[in-house]
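Note that the chains take the letters A, B, C and D in the order they are written out, and that residue 1 is the start of every chain.
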Amino acid sequence: MDPSVVLSALVLGISIGSIFLVAALGLAIIYGTAGVINMAHGELIMLGAYTTYTLQTFLGVPFFLCLPLSFCIVALVGIAIERLLIQHLYNRPLDTLLATWGVSLVLMQGVRLIFGSDPKYVQLPAFLSTNLDLGIVNVSVFRIFVVLVAALLVFATWYTFYRTRFGIMVRAVTQNKEMAASFGINSGKTYMLTFAIGAGLAGVAGAMFGGLNIVLPTMGMSYVVEAFLMVVSGGGSLLGTILASGFTGQMQSIFAFIFNDTFARFLIFLMVVIFLRFRPQGLIGSGDTRR
Amino acid sequence: MSITRRKFLKTASVGALALAAPHVWLPGNREAWGATLTAGEPIKVGLLFSLTGGLAVPEEDSTLVMQYAIDEINAAGGINGSPIEPVIVDAKSDFKVYSSKTRELILRDKVTSIFGCYTSASRKAILPIVMQQDNLLFYPTCYEGAECTQNTICTGPLANQHSKDLIPYMVDQFGPRVFFVGSNYVWPKESNKNAKVWLEQANGELLGEEYIPLGSSEFGPVIEKIRAAKPDFIFSTVVGASDIAFHRQFKQAGLKVDSMPIASLTTGEIETKAMGAEFGAGHFLSAPYFQALENPTNEKFVENFLGSPYGKNGTTHYNMEETYTSAYVFKGALEKAIADHGIEDVTPRKIRDAAAGIKLSADVSPEGEVWIDGENFNTWLVPKIGQCQADGSFKIVKEAPEHVAPDPYSIYPDIGKCTADGLLAPDGTLRTDVI
Amino acid sequence: MTINPYHDKRLQWVAYAIFFALLALVPILLDDAFLLNQLSTFGVYGILALSLSLCWGFGGILNLGQGIAFGLGAYGMAMTMQMQSQDIDTNPIPPFMLNNALESLPMIWEPFWNTGTGIFLAVAIPTLYCLIFGALMFQARVSGPFFAIMTLAMLSAFYTVFIDLQPYTNGVNGISPPMPLEVGSLVVDPYSTTSYWIVYAVLLLSTVVAKLLTQSKFGLIVRAQNNDPERVRFLGYNVAVYETLIYAISGCMAALAGMCFTFLTQYVSPSQFDVGFSISIVIWAAIGGRGSLLWAIMGAFIVQGAQSYLGDEFLNTWILILGFFFILVVRFLPGGLAGLVELILGKLPNMSKQQKSPGEKPVDKASLKEA
Amino acid sequence: MAGVLEIQNLQKNFDAVKVINDFSMDVIELTLCCLVGPNGAGKTTTMDLITGRQKPTSGSVTFRGHVITGENEQMIARRGLGRKFQIPAVFRELTVRQNLEVAYSHEVNALKNIFSFSSRQCDARIDEVAEQVGLQERLAVIAGTLSHGETQWLEIGMVLMQDPALLLLDEPVAGMTEQEIEKTADILNTMKKTKTLIVVEHDMGFVREIADIVTVMHMGSLLAQGTIQEIETNQQVRDVYLGTEDH
């Protein structure tokens, strides 16, 4: 095969992996900390995209400012969901899954009622719509931008959870709720903030995906299944999710070059199922955490 | 061996058959239409489109424009003095609902005809019922053909009409090397087969053919393949949200619209509006209708429609116009059927038969004169090529010199030819209800 | 301790009998092809909700991919029906295959020439799939939300692959057999009482089988592993085998539902594998009451009935209403409507002094909390 | 008498930490052996290693002449090894009777159990065991509503229903009242006439009442073994216990 094609495939793999990662990051945090499978994650991404659209179209906020604003606004929605619903269901994992599915229905239809079902789009600064020609590979600036934002988000998340007091609290609660409580850590508040951060990350993801393609009430669904697979095969940890996203992104890109996109998708699903058969705890995750 | 098994099945089924007294239906026999039209009474038709869900974007417009057309016909005195009464249902973008709503429309509401569907999948879902109940479906958009039933009238372009002009035009303007990109389903694949025929005639060269999963928004690998192939233009049958992602990523990847434009069968006014005009500008579309068509009928249609309460979405496009003309085809055919048989004896099947050769003049049809083929009941029309402008509107750059005949089996001459009575195979056998 | 009449085993059987007697009266009392057909469709949904209640409500295995078995069964039936309208000498290949450049009938279609084999395969293949997938997952001790996500992933995989295998499945457009199903000399007209009775029989059979299963030792162990799989393992049972079996039995019922659905609609397409559809099965079972077979069935009738009659009334707000209702049920009424009925019956004056016997439904409120 | 359970050079590492370090022990048939030791001594891990819940890093466990290391939980259970957990594990949604019925695991084949509805043997055995653990009046009650002591007895009853040759009981009297402890001691003393038992326990008073042999673990290793009198006078054991002062 032509070396420039191979190189393109690899570069694209990084880009696809970073998109998977951005989509999965918030989910991984919420799952890793609170053990909640948030089925409304896709709709939080969608909310992020609509937030950006609204800020841009009606208030004229520039795109780069929309990213942090989307984070904040969707994080607030996350807090609302956590306070009103999820906090009552922490000891019923399957029920949180169902309840958040209900939330996703409500969010999707609510947005449709407000914005209508015709597609919207996010306006990008002109330079993000250009490309970078490096001779043998050609990369679009927007894809580089997504990779950079992904790296930034990963760093910020890592810093928050491993280098701040809040992070220590979160990990204490994750390890042992009762013990943490005896040290005066409010696990309810910790969960709430984690949920807010997870939702906020989905909001940023939405703001960026709005630039990559179309903004529709149903757009969340297309990311959510892949995002779940990243989290599950990564074992629910931050590092695991990064590795899983990077690896899957490469596979998707390479298979798409060799075969076609549809078959690539199918192969990935198959690989994840087989992988989990032999390593049910995921890439990074301890096996003996029962009882 | 087969006899004993048959015998067993027969015995086993006798009991069940005894319970099944009413509605026993033998294959080949069709149910009669269980209603009659009365002069002066409303004529019920079903509008079967999705008002919610993923298909709502194009189909809600179809419902609106049908209501507009029905109002217009009723205001002008209806059909033989009877007003048309639309029965509007929501198919919720779910083929199960299409199927059950069709039953509702035919069996409960006893509609005379159904106007509905935007996708072949939903059409295939409801055709068995429509055929069995011998009702009539007006399918008002483009499709792949390769279907021959006695219960469908289509007012959109078939695969053989759609790209006939587009391919030679693009080869002529930009060069012979082309790359095909489509969504992964039946219509793009069939359209591409037709396009290959035109490409060969135009001495073009096909560099590659790629299909994207429906709804997918990742065009990275495909765009890299296109970049490596360096075509003169791209022929696209990508649909829906994917189409918008494709155009956006095309520009973001640095492909140039001047040297490698996309010639599409789908990217119309709605899509360019949704992707942002700067991503659509410069690309081409082949369709029988554009909002920018300059003729008095269209100008009147656009003005009146957008001024009416139904024009709330602010645009007209080929799909809506094809739906609009289907209402007038129905009117023409029903008037003819009433004249031929008397209003009491009109059935949906007789309306279909009467539609053969029905012509809509340029005064009625915004896209210009069209007529229904007397054999396969698709539409003779004039495909036009438009180029998207910086503001998202289209400029007509070419109009076919004459009407193009619809032929659902143009690339499958071995299978047969669609006639009014069924699919006529080359060996002379006639098969009905081929779907 | 007072006994809630809800838990009375005899009264439970009476409730089942009344429900099926009412359903049996429908075709006798009314002669409306449309309503019959609609009720038959609801019956199919009822089978689906029942099958999910069996594996989720009793076994604790939340299957978000019940549409897989349903869809495979539906495809098997559609292929059988399609081949009935083909002729081995003059017209051996379904029309859509010719458009996809197939010169001869693919191998996987060959068995469907024979109606009996076709119907057998339509049940056997999905059941076999469930056995294999279940064994893979449960032996690796994948359970709970993890398993749910894996079923969702498989659902997406099936959806993708059935679209991609266009020459064999006609892709997105699906298969619409032009003729109704014929078994021997019996024509299963979708608008007739025949098809109604077939669906009725399948629903009745599934219900009886499911009910007996839950009362068997097997059912008891399945419920026990829902409480605490590890404890069951330490008693010497191979939990994975029990999980796999209940999952496969539930899948088998879903496959039967899929077959019924195909002869009712004469159409099948990859949207059978749509995520939304599989989730609605969960919604029916949850709203009706996952822990009760009968209420799960009624959940399907109630939600689908409301959807087809109120859905047009409320149009855009319908999904909103359904979503909110679903959230409320999950949050406040994990037992669904069944839990509500149980609560109300529990408040009534004590009617029966009978001792409770083993094999009852675990539907008191406390019992529905997962560990 | 032959050793019914032989543990040889058992070792379990979690990363670099040796949780069980070269632990060996023999259990003689029809005796009650108490496994004691301070928190973190590795008692529960030893139980896990014997019953297959965790796999040892090295070493072996032999039960009635079969090496069972590497076998999974259900295979070991079928060989006649029953276990009661530290945190009582009963089926909280099922009735007491159903709990015992599940525990009657003479037939483990799933396909056969589909066609099995009720058996007279099982009912007879339930009555017998229920009487033994004193729950005959509580059979119709949902297990989740039992008191803590009753839950402990139910789980002991479940292990008895299994009819194992060797019972491993992890802290059977934790959280019980004085009377309940006394009753439990009676139950265990009756049981050891027909069964071999290993009991993990902190409460030395209770150990004194039931133990034939006491094994003391410390830091994953065997510290001492002998009769209760021998252990109570062992200086090493005193040092370890004084260091932590646990009960």
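Here is the rule we go by: contacts are C-beta pairs under 8 Å (C-beta built on N, C-alpha and C of every residue); 3 or more make two chains touch, one makes a residue touch a chain.
No experiment lies behind these values; they were computed from the predicted model shown.
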Counting contacting C-beta pairs, the top-scoring chain pair is B-C
Chain whose Cα centroid lies nearest the overall Cα centroid
C
Calculate how many whole Å lie between the centre of subunit A and the centre of subunit D, each centre taken as the average of the chain's C-alpha atoms.
46
Expressed in whole Å, how far the mean CA point of subunit A lies from that of subunit B is 38
On a C-alpha centroid basis, what's the spacing between subunit B and subunit D, in Å?
73
Among subunit D residues, those touching two or more other chains are 85, 89
Multi-chain contact sites of subunit B, meaning residues that touch two or more partners:
52, 184, 213
Contacts with two or more other chains occur in subunit C at residues 160, 163-164, 230, 316, 319, 371
Could you please specify the touching residues of subunit C with respect to subunit B in the complex?
31, 33-34, 37-38, 41, 90-91, 95-96, 98-100, 116, 160, 163-164, 166, 170-180, 182-187, 189-194, 197-198, 265-267, 269, 271, 274, 276-277, 308, 311-312, 315-316, 319
In the complex formed with subunit B, which residues of subunit A make contact?
2, 4-5, 8-9, 12, 15-16, 19, 112, 117-121, 123, 128-133, 138, 140-143, 209, 211-214, 216, 218-219, 222, 252-253, 256-257, 260-262, 264-265
Interfacial residue positions of subunit B with respect to subunit C in the complex
5-6, 8-10, 12-13, 16-17, 19-27, 51-52, 89-90, 92, 94-96, 99-100, 103-104, 107-108, 119-121, 124-129, 131-132, 144, 146, 184-186, 189-190, 213-214, 412, 415, 429, 431, 433-435
Along subunit A, where are the residues that touch subunit C in the complex?
37, 85, 88-89, 91-95, 97-99, 101-106, 108-110, 112-113, 221, 225, 228-229, 232, 262-263, 265-266, 269-270, 272-273, 276-278, 280, 290-291
Residues on subunit C engaged by subunit D in the complex (per definition of touch):
1, 213, 215-218, 220-221, 223-224, 226-228, 230-239, 241-242, 245, 355-356, 358-360, 362, 364, 366-367, 371
